[in-house]
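Two complexes come next, and they have one chain in common, chain A, joined by chain B in the first and chain C in the second.
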Partner chain A sequence: MTAILQPGFWVFILTMSGIYGIFTLGLQVQYGVGGILNFGHVGMMALSSYTMAILVIAHGFNFWIAAASGVAVAALGGAFLGLTTLRLRGDYFSIVSIAFSEIVRYVIFNSDGLTGGSQGSLAIMPIGDAYPSYTDTWDTILYWIRDHLTPIFGEVADRDMAMGILVWITLGILLFIVSRVERTSWARVLRATREDDDVPSALGKNVFRFRLQAVIIGSIIGGIAGIYWALQVTLLSPDDFLTIVTFYAWMILILSGATKVKGLAIAAIFFGFLYGGTRFFTFWPFSVFDASQRSYMRIMIIGIVLIVLMIRRPQGIFGKREEMVLE
Partner chain B sequence: MNNLILEVNDVAVAFGGVKAVNGATMSVEVGSVTSVIGPNGAGKTTLFNLISGAIKPDSGTILFQGFEIQKLLPHKIADRGIVRTFQGAKVIKRLSVLENLMLGAQNNPGDNLINFFNPRARNAFEKQARERAMALLKQVGIERFANDYAGILSGGQRKLLDLARALMAEPVMLLLDEPFAGVNPTLVEKLLEVLHALRTEHHLTFLLVEHDLETVMNISDRVVVMAEGRVIADGLPNSIYENQAVVDAYLGTRKLNS
Partner chain C sequence: MAEFVQLLFNGLVAGSIFGMAALGISLVYSVLHLVNFAAGDFLTLGAFTTFYLATSQHLPFVLAVILSMVIGVIVSLILEFILWRRLRRSGAGMLALFLVASGIAFILRQSIALTFGSDSRRFDLDQLTTYEFLGAQIARAQLIVLLCASIAITGIALFIKKSNIGKDMRAYADNASLAAVSGINVDRVIIATWTISGAYGALAGVFQGTVQGQFTNGMGLDLLLAILAAVVLGTIGDAYGALIGGFVLGVVMDLSTWDALAGGIPSTYKPVVGFAVLVIVLLFKPEGIFGVRARKI
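Showing the complex of A and B:
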């Protein structure tokens, strides 16, 4: 029970919530506005984080250029997925999108020379003798922030706290931008395509273009989450990008009420606490089970909470009930 | 003759073995109201879908203002000025009535993501379009629902919304798919009044699809009758009444030797 009292633990939970929040925001644009069911979102995160890591470690790129390239590759991944499969009807797109993210993961897993394969980013061949970590530039910033936090927070201020602050500032900025984008007529057309293709196209709107743009924007945001993920875990492994990660984001999206952007941050924290906090359920009746059994129970508890929420509040915490009952 | 705005030449399309439209030829004059009528399964709606680009023909050409449009995608055809309404009226239920109308606004700078960084242009257009949309809602008489979800509208109100939204796109030619089907007599009056105003004030061209002659008799300049995928008659509304082929199509042919 001691870990639960450590501020560092809660900082960690908040940081992970923030990264998941950014990641989910990409889905929000695609599904919440455009009704596009993307189940392969984690693939974009994998593309950006690995691109960044490889460029820094194996090619000595400046971190910022590498990070921008990572996000650009995620955008290209989104464009590729969209151009090849968006013409498929809703559910079929979802199936292909899962395949897309799994292909990305398997390619990473099996390209030992390029990505370090199953050993992760540690096994990427470095350019010189000294092993450059892709977090070096970022750490300089984090330590600079930490030094400014110490007078306020004392001992508690550390690298992780600085990271958490930067993640949440990024999420805040992105939430602001996306909520603005969602007020444009571009988003209005996209919301129309969620229900029907014939009406917008009869009014001169190129439905495919709007959908493709939504997928690419979502992928860019997913790519930004990928950079933060890489910086947070400091070592990438193909296992970081399992399909379950996409579904965690879906949980957050459903919790927040998919059509409204404002609940997303709170839903992300809620999910973070459920996911991280439930590992401290060591008291009775959970004490009956051993640690490995409890780790499964954690996921079960998340599942139960989601089911109860779906029954009691199908529109999510902040969604609009009216939108669900219109026929 | 250059006052033809739409020319459909020998168009055919088959779905599997069914020849839904089988060599249809017809034309529409600028500023006229032309009605396509015919019994169920005559190919009227298919013809409509061909003109609006929802279906591509197997053969034949469709000319709008002299340009071939049969290979264009629906949104490109809409860009050229052919805007349609839908059978039974389609509304976007989870957008407000006003937002439904705003969808119709053409060349909206806000539709282009680049203009996210140009809020002044977006907002100016939006403001102007909103005023026009409110005026149209007033014209069709559903302005009091402007901020409600379109999903709450009744069937008749949805028809009015569908029509107003099409008008929002400032069409050159309006395609109306069964505008009077399932509409009460008062609303028919209302629709006719709106159509009449549009015709005299904006010189719009109309192409209508309806089931029977009765409904379109008084408003049509020309009536095209379809049966089994072909145009079987084409002329002034009065002349259609006396056309033997039309009577046969509607009532069935009497087979003497059966």
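Showing the complex of A and C:
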């Protein structure tokens, strides 16, 4: 229980919440505005983080170029997904998107030579004798920030705190940008396509193109989350990108009320506590289970929360029922 | 040639399993308009309950399989009564149905993991006897699976076509309000749908566990991709399409590893082939291979 009292634990929870918040924002653009049900969002995170790691470790790219390339590959992934299936009915898109993310993970898992396979990014062949790490540039920034935090926070200031601050600044900027974008005419057309295709089509709007743009923008944001994920975990593994991660984002999105941006940050923190906090369920009746069994229960709890939310409060904590459009 | 026969046979066995599981998803979709993402985990449930009853409780294997099918049906019906019915009445949309189905999948999979641990299991069956046919090695277990699956598939196809409940199901899938107005017992149709889906899911899980030899609690999830691809390939909501989609996918995935085809692809990439087939078909025929616009069942 002592870990709960340590500031490092709270910093960790907040950092993860922020990364999940960024990740969820990508879905928010797709579903909250465009009504697109993407269940393969985690695939974009996998594409960007692995592209970045491979370019830095195996090809010696500058971190910033590699990170930008990672996000670009995520955008391409979104474009591929959208071009192939977005013309079809909504449920087809959902099924194919879930398959897409699983295929990405599957290919990463099996392409040992390129991605390190099941051993993760540690097994990517580095140039020369270098240690297979992609965080060097980023660490320099984090340590610089830490050194400036130390006078304020004392010993509590560390690399993780610097990371948390950068993640939340990014989330704040992205939230601001998305909330502005959602007031544009582009978003109004997209919102109209959510209700029905015919009216926007009759007004001369290319519904498919608007949806495709929404998926690509969402994938870019998901790609940014992937870069932060990679930097936070410092060592990528194909298991980081299981389909359930997409459902974590859906849970945050539903909690925040889906059509509103403002609740997203709070919903992400709520999720962070639920996710990170359950590991401290060491008291009875949970004490009869060992640590690995409790990790199974964590996912069960997520499943139960999802179901109860959909039945009891589909509008989320912050949404108003009458505003919630559940298709 | 021997390799071709071998792969074709393996593909047919895999396809019969995909088809049975895909049929359940497609039927549920046509009647209830929900994509059952938990279907894969119902396969796992079937395999593990059979393992428990046959290996730990020493019941005869066939009895264990039948009891597992009953358990699959019971779990499906409990979920119908406590969740799906309530969601339908509140007019829940596609997203709510998707997320609840996924929630069920997580709970089911983790419950199995919690009960049986993460070790792999195997049925106490003869896995070694093989027959030689046109140079190919055909395992007895595979042959039995293919025969049983063919019987099960023919049976269900006839049931949907000929029986009164089957006709009611097709009528309800075609036009729910018209069917309800004409006096079709809607509850009976829904219960029959979940019964078929639950029983066939469990049976497909036992078949897959038998063919694989060893299985873990992730078995159903690993198959879900191919099953969903079969569903979409055969036009979602079309039960016969799902069966054929399953066979097509099973055969294509196995034949893609054939050496004669430019060396074939590594067998670990088989699921990728399934996905590629799906995407190509959707690009050229968005309604699935057999889709004649919005045909149901």
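To be clear about the criterion, the second predicted complex is superposed on the first by the 309 of 327 C-alpha atoms of A that agree within 3 Å, B and C clash if a C-alpha of one lies under 4 Å from a C-alpha of the other, contacts with A are read in each partner's own complex, and residues count from 1 in each chain.
Heads up, the rule we're going with is that a contact is a pair of C-beta atoms (placed from the backbone, for glycine too) under 8 Å apart; a residue touches a chain by one contact, two chains touch by 3 or more.
All figures in this text were calculated on a predicted structure; none of them were measured in a lab.
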item	value
Which superposed partner A:Lys262 touches (first chain B, second chain C, both, neither)	neither
First, second, both or neither for A:Trp250, with chain B first and chain C second	second
Which superposed partner A:His148 touches (first chain B, second chain C, both, neither)	neither
Touched partner set for A:Asn110, first chain B, second chain C, both or neither	second
Touching partner for A:Trp186 - first (chain B), second (chain C), both, neither	first
Touch count on chain A, higher of chain B and chain C	C
Which superposed partner A:Met297 touches (first chain B, second chain C, both, neither)	second
Which superposed partner A:Asp196 touches (first chain B, second chain C, both, neither)	first
First, second, both or neither for A:Tyr31, with chain B first and chain C second	second
Those residues of chain A which chain B touches in one complex and chain C touches in the other	326-327
Residue numbers on chain A that touch chain B, as the complex places them	180-181, 184-186, 188-189, 191-192, 194-196, 198-207, 213, 217, 322-323, 326-327
Contact set on chain B toward chain A in their complex	52, 54, 73-75, 78-79, 83-84, 86, 90-95, 99-100, 102-106, 108, 110-113, 115-116, 122, 126, 149, 151-152, 165-166, 168-169
Footprint of chain A on chain C - complex, ascending	35, 37, 83, 86-87, 90, 92-96, 98-100, 102-107, 109-111, 113-114, 118, 225, 228-229, 231-232, 236, 266, 268-269, 271-272, 275, 278-279, 282-283, 286
Chain A to chain C touching residues, read off their complex	31, 37, 39, 84-85, 87-88, 90-92, 94-96, 98-100, 102-103, 106-107, 110, 244, 247, 250, 254, 289, 292-293, 296-297, 299-300, 302-307, 309-311, 314, 325-327
